[in-house]
Amino acid sequence: MKKLINDPQQVVAESVAGFALAHSDLVTMSQDPDALFVSRAGGAVPGKVGLVSGGGSGHEPLHAGFVGVGMLDAAVPGAVFTSPTPDPIQAATKAADGGAGVLHIVKNYTGDVLNFETAAELAEMDDITVKTVVVNDDVAVQDSLYTAGRRGVAGTVLVEKIAGAAAERGDDLEKVHEIATRVNAGVRSMGVALTACTVPHAGKPSFDLGEDEIEIGIGIHGEPGRERIPAASADEITGHLLTAVADDLQVTSGDKLLLMVNGMGGTPASELYIVYGRARAMLEERGATVERSLVGNYVTSLEMQGASVTVLRLDDELTDLYDAPVVTTALRWGA
Amino acid sequence: MTTLDVTWARDWVKASAAVVAEHRVDLIDLDRAIGDGDHGENLDRGFTAVLRKLQEAEPETIADVFTLVAKTLMSTVGGAAGPLYGTAYLRAAKAADGQSLDAAGVADMLDAALGGIVARGKAEVGDKTMVDAWSPAVAAAKEVATSGGSAGAALAAAADAAAQGALDTEPLVARKGRASYLGQRSANHRDPGAQSTALLLRAAADVAAGGRR
Amino acid sequence: MKKLINDPQQVVAESVAGFALAHSDLVTMSQDPDALFVSRAGGAVPGKVGLVSGGGSGHEPLHAGFVGVGMLDAAVPGAVFTSPTPDPIQAATKAADGGAGVLHIVKNYTGDVLNFETAAELAEMDDITVKTVVVNDDVAVQDSLYTAGRRGVAGTVLVEKIAGAAAERGDDLEKVHEIATRVNAGVRSMGVALTACTVPHAGKPSFDLGEDEIEIGIGIHGEPGRERIPAASADEITGHLLTAVADDLQVTSGDKLLLMVNGMGGTPASELYIVYGRARAMLEERGATVERSLVGNYVTSLEMQGASVTVLRLDDELTDLYDAPVVTTALRWGA
Amino acid sequence: MTTLDVTWARDWVKASAAVVAEHRVDLIDLDRAIGDGDHGENLDRGFTAVLRKLQEAEPETIADVFTLVAKTLMSTVGGAAGPLYGTAYLRAAKAADGQSLDAAGVADMLDAALGGIVARGKAEVGDKTMVDAWSPAVAAAKEVATSGGSAGAALAAAADAAAQGALDTEPLVARKGRASYLGQRSANHRDPGAQSTALLLRAAADVAAGGRR
């Protein structure tokens, strides 16, 4: 394991500190190291619904990279690939509350759901109204009442962006929650890994993959995927991912879509654009149009090589909210 | 020993920290196979904090010891295991409100812990989670209590049953937790949370038997 | 070699095509595949000095990611790690010319310099005035009259950003060239590789590095570095890089600086922020202040793991130009 | 053969394309060691294009053949080698303006090519570049011409000298091109451009001797 780190136990603390220093115009870091979170510079916006997200670290820029005007009010980084505990979530919720309540945006993992649940209870005791949206866009996982259900992956960024814009334009908690739920209902993702990643404190790759194998249906925590197949061309791999996503979303002729190709951290941008080109052609073959595009490293798994494909069905309101100004370190336009 | 007191509770916590540190890498490896490779790290971080807190606080009752463990795990572990073990110890604290525990008290305490885990995680036996270790452990302790055995014997039976339960998770296909994402591929691996449960209950029994402190 | 590609020979063509599709609001791609370049959507701006850069591919987002308002007018991607030939550079120069002349921003490699030189001659035959700035910020390489001199690396982004802002505010070619030269004179960089990268057509890693070795003073083309040392902590490695950079730039008390930590492509953002934190502390120990910061993947070497540290000495004019609006796919603010 | 005509020139180009394709990986490997690993790929891309152009254009003079090579390399190779080889062939075309080349003509042609490389790249002998192959090649061809040898003999001598020159780059520390960034670490490796020069001149001699076409 070769990494640009010092103490494996201090990776999150040191990197969040560097992040906060580098972007002090946009964010501030909490002072209490036992309740680490990142929030908007300037604090909660009075009267605006606050947006809080968080989860295990190692997915940067998710979530701290999306703190700022038009998106999140606070982000809570846990240990690498481990959901944060309730205390910092509670503290972040307090910091994000402008009096209009707070939306928790939670990726659907048992740990994240349980810890945010407890934090929400604690926040209610502070008289903060909390609503929660649980993002579950990963079609690699069979959804069922009897399982933990689908995971939340790259679609989370779109929930955060669009709900963030709704809050910014003044929607109330009810409406912001409705918008977030709508985005989650219309977004699907699936990923592939060409290599595993190595969690600093584990010191070993999260799984072993042969030189000629890839994992289809990977999560974002270095979990193995749905199936292991022989290495294939970008077009073939994209075919697997896009077909699963578009089938599940029932993409049909006339649909207006947002296409996101997300890098897992170690894949060159050039490769993401090759995937994008193929995915877009496949959507157009179905008669849909790609109205908005997002290509880059947004929800990563440390240095994993691989990518995920996300498709969101747009309507006019969602498109307007997506286009609305956003000023964060990782997503920035219109202002 | 026929009953267990606060010394046992404190020693169990110390032994838990030791056993988790010792098996940190094993638990990480189990979790790497069907999860995200952090279970050993998470519990180690948690019990290291618990140990520190225990030295500072010197709790005087079994319930206070368990409450301290609950709160500390809840606020340091994160992930799925943090809230689940946290709730388990919290419910155990409520159940163990006297000065000492006999076999029936042990069984009630374990049953309460299991109830907490199920309340939070909604898993059933056979879902390939820590419930598959806790559930037979509770049954075994109850049996000892019914047949008039000692508290130590109840813990020993619970530990044995939990170990067997952890082993029995191997063929299962996971339906809860992170391993469920793997579907069929989760079979032929032991569940890390069931394994850590077996380790913790073994430590409890060993300490009760005077073997480990 | 596992990559998300189809035919190794088509990597550049396919990925540029995907890029142009995904960002058609900002850029357009040339139609002639033998003269491939990316230019601003909307074409040359009449009366504005045009900025053209280019070089081997594999460094994305450099250069195409910096095409847009306030930065480049056109970018010319060569084969992977191979400077483009004169024809597409000439064509891009023509496309970028708004009648006020064109600045070529060239990284100091023999191939880049020679091909841009020829292209400039060809452009002059089309009656376009061309001036050239050769960027050479890499302190890993000894500068000398008798060698090829220092390489151009991550500092190129700052030259492009700041000269681009000068052109956008209406400076003439003379002045834009002067600004670009000033930035180049005040910027220094040095990099480290933890792993090599693999050029698609080569199919093998660009060099072999042991599990416990790192390369200090790496270039951006997978070239081996100045020295190979045992793997070390982020603080130690940052110490090597920052000391070399700051010594060469003669950073002293009171200096106002821009600090850039650039990822080589395969390094998690979290690690870049750890490096940033240490580099910043070291600059502050010298009594300097870090006024602006840039952290991310800007000048990469495919999937290489590693980072580079860049320091630019700021003055008021350069700071204003750096802060000026920029609307490109990789750098965007103020508009 | 005492003189060389356009057929030789055309065959040399074909042989060059073949030899470059054959040694593509060797040249990549040399360039991986002290450069960026693209020299074989660059030349292969260039000569593949040259071959296609040659079939379309059917040039009728040596000069036209070389001009076609020059322009095609210039517009397809890129990197350092593209402009350097491009200029070399352009100057060679200017020097070879008759219908045929004798030994003196060969020496002049090679000398012109070298002149072009030096004019663009400013390297001197000993800088560990292709100049270290071209320079002894020119000297050897001149010697054959002075002593009354054939054009083929001049090329053979040039090829031998270039091969030796390429070999002699191994101990050198590079002062020009990408290898110069390595400083001392560039020693003990052969320069890829010197090696490709040796291969191309060997092809020229082989074709002249009737051995390769």
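Which chain is which? They are A, B, C and D, in the order written, and residues in each are numbered from 1.
The criterion applied here is as follows: a residue touches a chain if its C-beta (ideal position, glycine included) is under 8 Å from a C-beta of that chain, and two chains touch if they have at least 3 such contacts.
Keep in mind that what you see is a predicted model, and the values were worked out from it rather than measured.
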Next item on the list: With chain C gone and nothing shifted, sort the other chains into their touching clusters.
Entry: A, B | D
Check: Out of curiosity, which chains are bumping into both chain C and chain D?
Finding: none
Checklist line | Whole-Å gap between the CA centroids of chain A and chain B | finding: 32
Item checked: Centre-of-Cα separation between chain D and chain B, whole angstrom -> 75
Next item on the list: Take the average of all CA coordinates in chain A, do the same for chain D, and state the distance between these two points in whole angstrom.
Entry: 55
Next item on the list: Round to the nearest whole Å and give the separation of the Cα centres of chain A and chain C.
Entry: 29
Notebook entry, point to check: Mind pulling the chain D residues that touch 2 or more other chains?
Noted result: none
Margin query: At least two partner chains per residue is the criterion; list those residues in chain C.
Written below: none
Next item on the list: Examine which chains touch each other and state the graph shape they make (line, ring, star, complete, other).
Entry: line
Check: So in the complex, which bits of chain D are touching chain C?
Finding: 28, 32-38, 41-42, 45, 74-84, 120-121, 175-178, 180-183, 185
Next item on the list: Write out the stretch or stretches of chain A touching chain C in their complex.
Entry: 2-6, 11-12, 14-19, 21-23, 57-58, 60-61, 65, 192, 194-195, 211-212, 214, 231, 233-235, 237, 265-277, 280, 293, 295, 297, 300, 302-303, 305-307, 332-333
Check: If you look only at chain A, which of its residues touch chain B in the complex?
Finding: 34, 56, 78-87, 109-111, 114-115, 117-118, 140-142, 146-148, 151, 199, 201-202, 204, 206-207, 219, 221-224, 226
